[in-house]
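Chain lettering (A, B, C and D) follows the sequence in which the chains are written, and residue indices restart at 1 in each chain.
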């Protein structure tokens, strides 16, 4: 297992002085302040060992990665009923596009674009008050990660709320089609708090163990094996906005990115991986994060598209 | 291995009298003539054993499944240069949509939609005459399948050519952007001949072995391991038009469908699978073919999103 | 001039029992309550004579016809600066479409679709508080019509505000592009009050005199001749949403419709015309209102596309 | 009437050395060769007097202006049946856009965009061979202009045919929807010959007399008054691609432009006007041509949106 530690230390070293680091998100002030020199990586293996490199203990805004946890909670609450209100197909367009909502009558293409995640929040608020839903989310990720220090960054949540006009447009637009039932402000308030979760690479990789483990995390079943498999499939198809195909092509793992520069990736049965580097590529995904994962997968053969070695050829 | 034979025999039996069989493609007469009662399935395991059920020996029009073989040939001819002329992202729209070409200036989203496959043909014709390219394709699938009886159905090819106005529109449109270099009629003639390849489930599953085997088929290297992995990734992201996300969600295998009702699916390191049932769902993919694959994967755990058992949890 | 009175009385009579009356708008309750049997018409001639028929004295919700008056006020406030924030081209899509805003970066196509009129309100609020802007509008139409009894229907305004999610989406979306500067709720509150203006056919035709008279109404100059001509041109190009071309084709007069079933039409130098019938056609314009205008123009030769008789041929 | 001669001589003089002359079309070589210094103008008054300025006798490629004559012939052939196959609404997009055809199932928005004019040609070929249709068109414009020297520039027609991939795409695409019935190559061959008509400003203004005269040209009735009025309305709504609204706003006359730099404009009952300057603005309309018309209308009060002086105010 020292291999993995050495491997990711090597990758971190290679990327430390990379020239093309992408562009830090600047649509809200708290994100724009994060230095683009940060780089962290954490890998939790199926046997429970944890490997870290770089700034793996520093919390960052997980942003859209929270959509994975919100989806998991919503599926727990209403099951496959969810799919009447949100699709499972890649969007073929940018993360905040509203065009598709017009042609498809207010049904977002998948739960990992903003519109879809807002519907997911609305589903959670069908049974809970915003404060309860936010509390539930916080307890959920703390349990998944086994770490009670995980918190929501209120500065980020407020900043999202002060801007966020495009998300307000999306939510009002879906409400016009009847696909948002709650008060738009409450739904978005909840959504923005989810996005403002602050987690370190270590915490994030720990929280992703249930997706590596067929639904089981640290010996406890979180979701059924089938559901874990399906969430992984959605992360593969739709986890990186209009860059999802390229991510599958280069890396070959289910993954979900956030504009804070984090990526959670899952090698089913093998490892849960988190990487963080704040600079984003043109599609809004971490520039160095993708590169680091590409190297990790190239060197380990963890891509789900590799032949499974155990069965031999 | 008797297990697999019994398993797919059981699935064939279950689906024999299924009510909702989808709708047989009728845009050209030869396809419309195929009875919707046909159902075949073939599984080639990594150890070389072959299992079949139903009408697995009857050739059918593989149509868009040929796009996988054409892509493989084009990558062999020009390598990653190909990606300057075609993307790697799911399209978010129907298989013959022209809208995306206008907004993205004649660059198709991926090689598995019609526009992308037409560009792939044009790339092959950069070095070959149409007759040569068609001959090369025929030799290639015969070698992959180890079966010299595979042929092109000229009736189908001619019928495609007599209609095919939408594909003519796509090709002329891309030529207006400079992304088709050859004569439109020659490029489309080649494309239609590829689509008219007639293969049985057995032949198709045999031909797919190189994608199961990390690029190796029957002991011979066809493509590098990396390229095999990447073609698998593209099949996962883009193999089923605007139903690709749902296919990943339900089945979790790289796959490519055709309007003839065939599907080629790959369980890397485990099996190459072909299934055929002519009735199509609303997205143009085989209705019972998808259902058969869903049951196969559910019962075998072959989804790439399942934990790899060998590594344990 | 008795001719005109007799003419419109005849048209009203012909349409009184028309079968196909269109569908009364039902997106807010107060509009849905209006009986589809209502029909009114008023014509004010250049010499000041007024002719009415049917329910010409009954106030109705002028809705989008208010966009003409709002545009006039905004041009008075900021002049041609307005055109940096809104276009002058027909939209080629439905009145509440948001698609165009995405591809054209938050600049609405013209001031007569909802998005454009919301920008117009935002422009007015650059110098006024909402209450002042609403007061200014009320004074403006009262002066134009020479009738101090014109009022805003607060029930309608509130109903618009309670629904109106699509307009909230449009406003937030444009604010995301920086093309709305004020608070979205205040801008929309103002917009909804403008829409809720209640006027009779007589009042509306009187208020339209300045567009008939080259900018002069009742001897007073309201706008320059050039501006009057240009507002007429915009009404011709964009006054009936995605039915504007057909309106020009059939009727050949500048006009503006509202979902309350009213239409204001202008025959420059000849007449200002208002017609009202609550049932709408598929494009959201008054079904019988259009028919009445078509008959009026056919019988009078008032189309701007007729040869000007005075110059002879 | 000397006034008009002096007036347009003045405008020609003002624009002779204009800096911003737009960009000459270069998509086919014969058009690219035309010097951007050319400028011509011709005005035919209702009384038959003709006024010219600049290069008014030099033939140029009228290109899309031919769509007006083709529409007139098609309406003569099939009447209002035509409107089942083509719309009457402005397109809200560029002249060669294919997007709208997908969403509206192969029905072009109006007869003045390329797709619509191709349908118009197909309608004419329902009764005639291509050679006959081209002959009919040539006879028609010669009669309208009273000038038998008008000819088709075969060099232009061939150049259009050698390129023209976008038009081939449009035609094949509409054929896929069943809205082109003839052979695509024959329809386009006819269309390209219409576009290749070469006419001088004098000839064009003469040919437009029937639209000025309520359907009557030189004492002969060409179309009914109603049809003349309606063709004028279509030219107002749709005559300048996605610049039609702006043309109405600035100039206020029915008009039709071509990429050869010509514009035909009609002041009903007053004048038929042709202007030519090869440099185009961003929307593909003659830069100086529009400017010249704007000045002419400003100085004469010929806009259809001016009050009709004879009726007084």
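Everything that follows uses one rule, which is that a contact is a pair of C-beta atoms (placed from the backbone, for glycine too) under 8 Å apart; a residue touches a chain by one contact, two chains touch by 3 or more.
Here's who's who by UniProt: A, B, C, D = Glutaminase.
Note that the coordinates shown come from a computational prediction; the quantities given were computed from them, not determined experimentally.
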| item | value |
| --- | --- |
| Touch-network distance, subunit B to subunit D, counted in steps | 1 |
| Count of contact steps on the shortest path from subunit B to subunit C | 2 |
| Interface numbering overlap (same over half, different under half) for subunit A and subunit B | same |
| Taking each chain's C-alpha mean as its centre, the one farthest from subunit B | C |
| Between subunit A and subunit B, centroid-to-centroid distance (C-alpha), Å | 31 |
| Centre-to-centre distance between subunit D and subunit A (centres being mean Cα positions), rounded to whole Å | 55 |
| Euclidean distance of C-alpha centroids - subunit A vs subunit C, Å | 48 |
| Residues of subunit A engaged with two or more neighbouring chains | none |
| Listing of all chain pairs that touch each other, if any do | A-B, A-C, B-D, C-D |
| Subunit D residues touching subunit B - in the complex, by the definition given at the top | 97-99, 101-103, 165-166, 168-173, 175-176, 184 |
| In the complex, subunit D residues that touch subunit C | 46-47, 87-93, 100, 109-110, 212-214, 216, 225, 228-230, 232-234, 236-238, 242-246, 248-249, 252, 254, 268-270, 303-313 |
